[in-house]
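Below, each structure is written out as structure tokens.
Note that subunit A is present in both complexes that follow, paired respectively with subunit B and with subunit C.
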Partner chain A sequence: MLSGRAASHKIAKQFYRERALLMRMMNGRSYWVLGAIFIVLLILPPVIPRFYTYIMALMFVTGLLAMSLNMVVGHGGMFQFHHAAFYGVGAYVFGLILKKTSLPFWMAFGAGPIAAAVCGLLIGSFCVRLTRLYFGMLQISLGSLLWAIVFRWYDFTGGGDGIYGIPMPSALSSAKSSYYFILIVVAISLAVIYLIFKSPFGATLLAIRDNPARCEAIGINVRRHQVAGIVIATFFAGVAGVLFVVLERSVFPDLLFWVLSLEIFIMCLLGGWFTFLGPLLGAAITVALRTFVGIYTEYWTLILGVILILLIFFLPEGVMGYVMEKFGSQRYESGDRG
Partner chain B sequence: MDTAQMFNLSALGAQFLVGLSRAMILFIVCSGMSFVLGVLRVPNVAHGSLYMIGAFSAFSISNLFGGSSTGFWLALIIAPLIVALVSLIAERALFCHLYEREHLMLLLFTFALMLIFGDLVKLTWGADYRSIMAPPFLRGSVPVFGASFPRYNLFLLVIGPLVAIILYFFTNKTKMGKIARAAAVDREMVGAVGINVSWVFAMAFVIGCFLAGLGGALVAPTVSITLGMDHDIIIEAFLIVTIGGLGNMWGALVGSLIFGLTQAFGVLFWPQFAIVFPYAAVVIILIWRPTGMLKAVW
Partner chain C sequence: MLKVTDIYKSFDEFMAVGGADLTVGEGELVAVIGPNGAGKTTLFNIITGQLKPNKGSVVFLDEDITNLPPYEICKKGIARSFQIANIFPRLSVFANIQVAVISQQGGSKRLFRPAQGIAVEETNAILESVGLLDKAGNTAGSLSHGDQRILEIAIALGNDPKLLILDEPTAGMSPEETNATMDLIRRLAESRGLTILFCEHDMDVVFGAAQSIMVMHQGRTLIQGKPQQVRENEEVMNAYLGEE
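Our next item is the complex of A and B:
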């Protein structure tokens, strides 16, 4: 994604540092920290107000969305400019199936992400024929086509109003139970994404980001790997979309709007592009800020814009990237790079 | 039967002209975006916001003169200048420090500008619907092909080619335009021959934004001026610039014509899904020619 050898070296360095830290977390005592966080998240809902439960669940959903974007942008180096389209497709397919048909919940739950992944396959295989900016522009066009259809097909999708009151199974009727459901699905998704990052496929994706020409030369099918990356990422975007519906019980065309896509970009930037958990953190910060700033002022986007400018100028590697830079272990870096 | 066919033909003709006049507005906006894209290599996401600021400033200026025709003509001149000034400030204060950074950061910066401008417009003008009147001799409609056609759209059909001609002379005959074109092709070389590239970028950015403001001021009498018009135009501009060939101004013209005409005929054939026609046209073109109709400048 970056131009220039120095820049890409810097990213690589940061990535290895991050991975070293993660490995240490997985091996050493930090393993318990992750477990402890998970347990805290499990016992939180009964003790905190309902509103905070909702906000936390929203953070997880948005976090999963940002993580799925980062998979292709931060780790794949592709200009995935319209990621929200797939989020919206997942949400709409799930919502429409529950609202209009009598199919069981689990079928709808599977159909959402699969529909998103199919869209990802279709759009992605056109996009990977192009590079960089053209890739992004083409994706915005194709994603906007989806948005236009959803926005205009009033009889089927509810047009600009969206669909409200999507029925949920009784097990997910309370805010608490939907919180647990979202927490578990997001945790599983994150584990899967982590495993994909660690797999040879993840390493290949990373190599393609850093030097596509060389990858082509050593016999890697660059385009096929990129499409596969997009399909996986859009699948998880679809999962996030489905979880959004579980939380909100409504869908609206703004879910597919390109402004949301760029907002997810901001979350990734805020958390840190080239880190694993950064986007999750960025999404959590963004959701928290939007909620609490929204109480005091209606000019939230102005504040978001200012934050974004500050980030670009002073913290381009994101919060997580900064923390890694400051406190990341030097020991592991040299060993890992060798 | 004859009359029915006559009616269809006249409807087609009128719709063709409507599409053409829409394409002129799109061309003015998109040529600015394409110019910025060509020289700075950044898709300016804030372009739509500047278009919106242009429309709102035109409203304010026209209001200042009580909606008289002097007010309208002044608005047409001053509103784009206001937009140019806003963009110059944004460029010199913030944007110019980022040119060494990667592409994506520049894009996200313009997105930040879009967010900020959107709320600043809300702060300044409020969330109400506004409208301005064209001067008396541009109101009403004239019969064309047996159907009535708004006079203001005829005016746009004159202005559009005029802007195209001015742009042609600017980019091909003036020194500034030639430098800008050179910077689009090879910016290192432009720097190497001793031209201040930073100022070339500033100039290109301001001219592009001026065109956005001009488009906003021109469109103001035909639409209701409101928040959210930035979102509508920017995505269209992106698509047009992409199908035209990134950074190619004549590509922007071709793209605008395709976009405007497919939209106009879409309204005729299937009103509910009129919005889908231009998008579908874009998709077909991009599948057929992935890098756009005309050659991209870089």
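Our next item is the complex of A and C:
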């Protein structure tokens, strides 16, 4: 009996050692790939036309937005239907502070995401009391309320016209410097999101996605974890909103409109919402389609629609999910396979 | 250890549990039996907080836990498995248990530490004791039905409970699997010093394993006592013969 136990212990140890080695190798490889991509992104701007620099910066911003949404949708299993509201709040708070006050840039930069996270806390606390679709419906209505306030409060927010010509520090005056700023902030944000995703909290969130009732039975306060997930996700949506203003120097109510929320939801599906980097890819694809197909036809959403239909039939796990399965190490990059 | 007194629970007009009493002593293996629809699962759901009773009380270790939410009751030391395989299908077998251990250790709020190295020892020990170690890396949803039921129990062990509640642990299993599972449960009870409360409608299983048996019929407790007493009780015989 005892020797049998010792033997299986040995097997287990060996199994875990091998697995750990394998994971390190795979992680090592993917770090190299990521590092290489990052360097390419660093040296690109001087050699490509300005327009492409702008498009790529837009992809990063949108990508961060989609990644933040996926924290609650793909990893948390919540129906976060109005994520754009928090993106817009971040952008507006940042823009308004820079336009109307003389507070320093970094304060405005911090205030945007924090304001978004506070809205996330308030709205999220209500939403987690409902389940699934009702969660989503309540969020659409509360988020739309924010949109309506921004849209109607003409004196303060500029109403439907938005705010233009938001002043930026001189260090961010050129398209290139704002590209680098955005690249670095997005890279840091993604690293933080990755850390959270890999943490015990992230593991718990995955478990809640899979089976909230069971989570309650193993001693997890599901609602509190869900709210925490929403707060973190909306914080990063706020970061994306701030970066959007850095790029565009303007804000407008469409940033909080539910149509945009739908769009980022689609980005997550498109890229693969059970993968870590999928939403980033989905965002890049969507921005590219809008830009390049948009040149030929204003009905670019038609193309997006067709792609989405094909996707649902042929790549139900998203583009990234497909790539991971075909070439990759693990289907879910998450390490949630143990 | 656990004392359930005079529980009533109705869903709309239907009285699922009407007057259930149950006592579980420290270290005992207690079974609840009764025909389908007798209210066994409802009673368990009330004990572990998934449902709130209309009337009655649940006392665990001299503390009234009647209206606490499930996650608080779990923290008091009661873990449970469910009648249908209630696991985390997309996570690995390892992660299924690890998340329970992390929750038990109060680490699920940690944001910036890799989960990979946390609670590995404890999780492996549980995997080993239930015999799922070689499947640790598999996706839980891909396990066979029998293994999923075992995993179900293993997740509950992750909370390191004092009292383990198992809702029909052998439902849907073949006779061999049933025997193996009952052996496992007995072994766990011994090695971990667990108190176990389970329900079952297979009579052979119950009378072979339990030290104390509570019989439910139409939501009501008929009797609780030693297997011998229960076997000889007239009311029980009527209830069961009436069924057949």
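The rule is short, and it goes like this: the second predicted complex is superposed on the first by the 299 of 338 C-alpha atoms of A that agree within 3 Å, B and C clash if a C-alpha of one lies under 4 Å from a C-alpha of the other, contacts with A are read in each partner's own complex, and residues count from 1 in each chain.
Everything below uses one rule, namely that contacts are C-beta pairs under 8 Å (C-beta built on N, C-alpha and C of every residue); 3 or more make two chains touch, one makes a residue touch a chain.
Keep in mind that what you see is a predicted model, and the values were worked out from it rather than measured.
Participant: In the superposed arrangement, does A:L269 touch subunit B (first), subunit C (second), both or neither?
Facilitator: In the superposition, A:L269 contacts subunit B only.
Participant: Would you check which partner chain A:V222 touches, where first means subunit B only, second means subunit C only, and both and neither mean what they say?
Facilitator: second
Participant: Determine, under the contact definition given at the top, whether A:S141 touches first (subunit B), second (subunit C), both, or neither.
Facilitator: A:S141 sits against subunit B, while subunit C stays out of touch.
Participant: Can A:P49 be said to touch subunit B (first), subunit C (second), both, or neither?
Facilitator: The answer is neither, since A:P49 touches no partner chain.
Participant: Should A:G165 be classified as contacting the first partner (subunit B), the second (subunit C), both, or neither?
Facilitator: Neither: A:G165 stays clear of subunit B and subunit C.
Participant: Check whether A:L195 is in contact with subunit B, with subunit C, with both or with neither, and answer first, second, both or neither.
Facilitator: Second partner only, subunit C.
Participant: Between subunit B (first) and subunit C (second), which does A:R152 come into contact with in this model arrangement: first, second, both, or neither?
Facilitator: So A:R152 only meets subunit B here.
Participant: Is A:L308 touching the first partner subunit B, the second partner subunit C, both, or neither of them?
Facilitator: Only subunit B is touched by A:L308; subunit C is not.
Participant: For subunit A, which residues lie in the overlap of the subunit B contacts and the subunit C contacts?
Facilitator: None.
Participant: State the interface residues of subunit B toward subunit A in the complex, per the touch definition above.
Facilitator: Spelled out, the residues of subunit B in touch with subunit A are 41, 43, 45, 94, 97-98, 101-105, 108-109, 111-116, 118-120, 122-123, 231, 235, 238-239, 241-242, 246, 272-273, 275-276, 279-280, 282-283, 286-287, 290-291.
Participant: Can you check the complex and tell me which residues of subunit A touch subunit C?
Facilitator: Counting only subunit A, the residues touching subunit C are 5, 8-9, 11-12, 15-16, 19, 23, 195-196, 198-204, 206-207, 209-211, 213-222, 225, 228, 232, 274, 332, 335-338.
Participant: What residues of subunit A sit close enough to touch subunit B in their complex?
Facilitator: My answer: residues 1-3, 7, 79, 126, 129-130, 132-134, 136-138, 140-142, 144-145, 148-149, 151-154, 257-259, 262, 265-266, 269, 299, 301-302, 304-306, 308-309, 312-313, 316.
Participant: Report the residues of subunit C in contact with subunit A in the complex, numbered from low to high.
Facilitator: 48-50, 69-71, 74-75, 79-80, 82, 86-96, 98-100, 102-104, 107-116, 118, 120, 124, 127-128, 133-134, 136-139, 155-156, 158-159
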